[in-house]
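Both of the next two complexes hold chain A, though its partner changes from chain B to chain C.
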Partner chain A sequence: MNFVRTVWLVTRKDLLIEARSKEILFTTLFFAISCVLVFAFGFVREGRALEDAAAAILWIAIAFSGTLALGRAFERERQSETLRALMIAPMPRPALYLGKLLGVVLLLAAVEVVIVPLVSLMFEAPLFEHGWLTLGLLATGTIGFAAVGTLFAAMLVRARSRDVLLPVLLYPITIPVIIAGVRGTAALLQADVDVSMARLWLSMLVFFDAVFVTLALWTFEPVMTE
Partner chain B sequence: MLDFTSLTLTDVTRNFGRRRALHRVSLRAAAGEIIALLGPNGAGKSTLLSIVATLLVPTSGTVRYGDHDAAHAGAPLRARLGLLGHDLYIYPELSPAENLRFFAKVYGLDGVERRISAALEHAGLSHRRDDPVSGFSRGMRQRLALERALLHAPRLVLLDEPFTGLDDTATHALRQRLAMLRETGSIVLVTTHDVETIEGVIDRAVMLHNGALAELPAGTGSLRDRYRAVIARGAESSAR
Partner chain C sequence: MFAYAPFMIVRAPYETTMGPISRIFYFHAPSGMTMFLSAFVCGIASAIYLFSRRDGADRVAVAAAELTAILGIIVLVTGPLWARKAWGVWWEWEPRLTSSLVLWLIFVAYLLLRRYGGPGSDRLAAGVAVFGMVNVPFVYWSVNLWRTMHPKTTVVPTLPPGMRGPFWYSFVAFTLLYIITLHLRTRLEKRRAELEVLYLALEE
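For the complex of A and B:
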């Protein structure tokens, strides 16, 4: 069966379910907005934010809300044990992983569409001045974070304390992605914009994505077979 | 297309940590045979079905599908397996038609809409084809889940408690469906506690007790009586 078609089938199914329930989108969006607002009240004094605070808070909001989305995306497959039906289906198992990953990335992209302008507004951060670079950092950072998260969420789907274990395992591994995202974004938001530094962090993120996605594709089948 | 006409388990053992779920289970089934897998709760029936469905790897022993094994045959072998689990494996947010369409496409079937209509007809759900499954009763979900498992006309059909939640009409329809599967040359392994319901449909029954498999002896009594006799003997030997 066509690999790309299978990836899209899984993603489309996840998006269709999400369009019906709106459960993950609303919870992650609410969480991300709350996160940005709380930090805005703490770090903005007389209309001026602490240096680099906007970049850090943007990525904290993405990481925290992403963890929430990852947990729920696989909880759905666990509730009716549909993951077993997918595992027994004759699809290439890496296609299942990529389908779930794409679904999570698209959901996080929808969250970012709201929180990027919100961070820009609350912290007076010129996130749209170098729009393409910001978009590149967000896209590669989100893919890197979700690539590791999708694998761990699938591995932990049968673990009793999966809600606790997911962030405990996920954050240490994705620290390089989050640091690269924060530093790359900060380079674009400082008074003296450093485009070459932002490009360097962007290329680091592309490298992390390649490593994480390759490792996840390689390990997904063995870790899902008990 | 990969195909096979027999299923052979040889000395299959499965441990979960220090707990032994299955101990040297051997079984052979041929095309057109329906075998009931009986046993008390926790006997290892679902574990055995999961191993045959390629979802679990045995700690030792082999499972062969004709001349093939799960490790080498992979996706083409899985395309010939149909599994109905106790948890039904359907998405409650989607409608019956959407559930069946998704799985039909995942299996790469042709004539998807024709198959969906036939499956919904079998399940008696044609009039609810576009309603979300979350509003269905357990029996309706069970009927849909069975059709999902049989949508791709699998050679090996694994049914875990398929009579759960079914009313008399649906139970009768499932018995007829099992007979139809025999005629079409499927190998059917069915676990159930509804011993009376499957009597007359199955070709033979085997019993799992404490992870070990035993053939249920042929006799004059009903299947339920013979099953109880084996359980009682097992309890007596455990007491000694």
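For the complex of A and C:
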């Protein structure tokens, strides 16, 4: 079985379960909307949002709901010991990692499809003016966050108190992603749009993704071996 | 050498605007530098442990992680004391401060994972340490682009000669102290592992 096909099979398995139950998608989506609502009370004064608030709220919502989705995606694998079955299956471990990563990224993309227009509407943020750059920032940011998150969530499956440990481990490591995402988006939303700044952050995110996906592929095998 | 450091520091010339508080510098900067050193020691030791399964490397990694956390506390306590005097604020969202805090958080997370992660968490923690080490330049660069105010690294060569001596003296003292503590802590971990083996043998 070739590598790409294995990756796709793992992803398809996750998507199929999700398509039937829609459990993670709906819970994560409404959690993200609640995040936007809760943070709006902190950042909106006299009916007007503070400067940069839209970018901050968008990325906080993505990071929080991403953590939730990661936790759930692997909790499902743990409950019926299916992760063990996947580990025993005769396939390269990196393919398993990439398959899970792709599943998480697609799930978060589905959440973002709702969240981004919502934030744009509620905070009068012109997120679609520089559509491609925003899309690039969102895509690379989500991949970066999920790349680290998938590895950590996978390795925490066997650990105790995994629900608390996942955010505790994940947030400090993904701080560059959050900073780049928020500042890059904010550069596109401010009164005088700073396209070159957004491009700089985007290139940093691409670099981050390349380094951390490689590192995760490299460490997945020794970390997951019992 | 460590005992002599206070005398060196007292003899160092006064910094006119800040007075005695500037002496924290001899404590703050070396502990910050050893903290970053320690983070790299932990990361490299963890990578070795992850790929070669040598228990010795894991012991060095635990020792280094604990020292990173302790040095981090020293840095994060002395930093604000100094900042209050130098910049008039306790805390400033500035690159060095923020990245030190992030680095400290990563290694506290490492220790939390080892403590509460249950069996097998040593290898998971090693993964976290490797990620943490690789993350350092990213954190530094991104936070740097975000904000700037701390005296640059280039402040050291520009120090007046009277202050430079005690500074390097403190730095060497701190590095030596670090190496000794690391060694002792690693040995303690080794003894503990040996003791465990003996206990198991006794039970059988």
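Here is the rule we use: the second predicted complex is superposed on the first by the 222 of 226 C-alpha atoms of A that agree within 3 Å, B and C clash if a C-alpha of one lies under 4 Å from a C-alpha of the other, contacts with A are read in each partner's own complex, and residues count from 1 in each chain.
Keep this in mind: contacts are C-beta pairs under 8 Å (C-beta built on N, C-alpha and C of every residue); 3 or more make two chains touch, one makes a residue touch a chain.
A quick note: this is a predicted structure, and the numbers were derived from the prediction, not measured.
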(Q) Under the stated touch criterion, which partner chain does A:15 make contact with: chain B (first), chain C (second), both, or neither? (A) neither
Q.
Touch test for A:6: chain B only (first), chain C only (second), both, or neither?
A. first
Q: Could you tell me if A:87 is touching chain B, chain C, both of them or neither one (first, second, both, neither)?
A: first
(Q) For A:155, using the defined touch cut-off, is the partner it touches chain B, chain C, both, or neither? Pick first, second, both or neither. (A) second
Q: Please work out whether A:118 is in contact with chain B alone, chain C alone, both, or neither, and reply first, second, both or neither.
A: neither
(Q) Per the contact definition in the header, classify A:219: touching chain B only (first), chain C only (second), both, or neither. (A) second
**Q.** Which of chain B and chain C A:135 touches, first, second, both or neither
**A.** neither
Q | Common interface positions of chain A, toward chain B and toward chain C | A | 226
Q. What part of chain A is in contact with chain B in the complex they form?
A. 1, 5-6, 9, 13, 16-17, 20-21, 76, 79-82, 84-92, 225-226
Q: Please name which positions on chain B make contact with chain A in the complex.
A: 53-57, 75-76, 78-79, 81, 83, 85, 87-94, 98, 102-103, 105-108, 132, 148
Q: In the complex, go through chain A and note every residue touching chain C.
A: 148, 151-152, 155-156, 158-161, 165, 168-169, 171-173, 175-176, 179-180, 183, 200-201, 204, 208, 211-212, 215, 219, 222-223, 226
Q | Residue ranges of chain C in contact with chain A within the complex | A | 50-51, 102, 105-106, 109, 112-113, 116-118, 120-121, 123-124, 126-128, 130-132, 134-135, 138-139, 141-143, 145-146
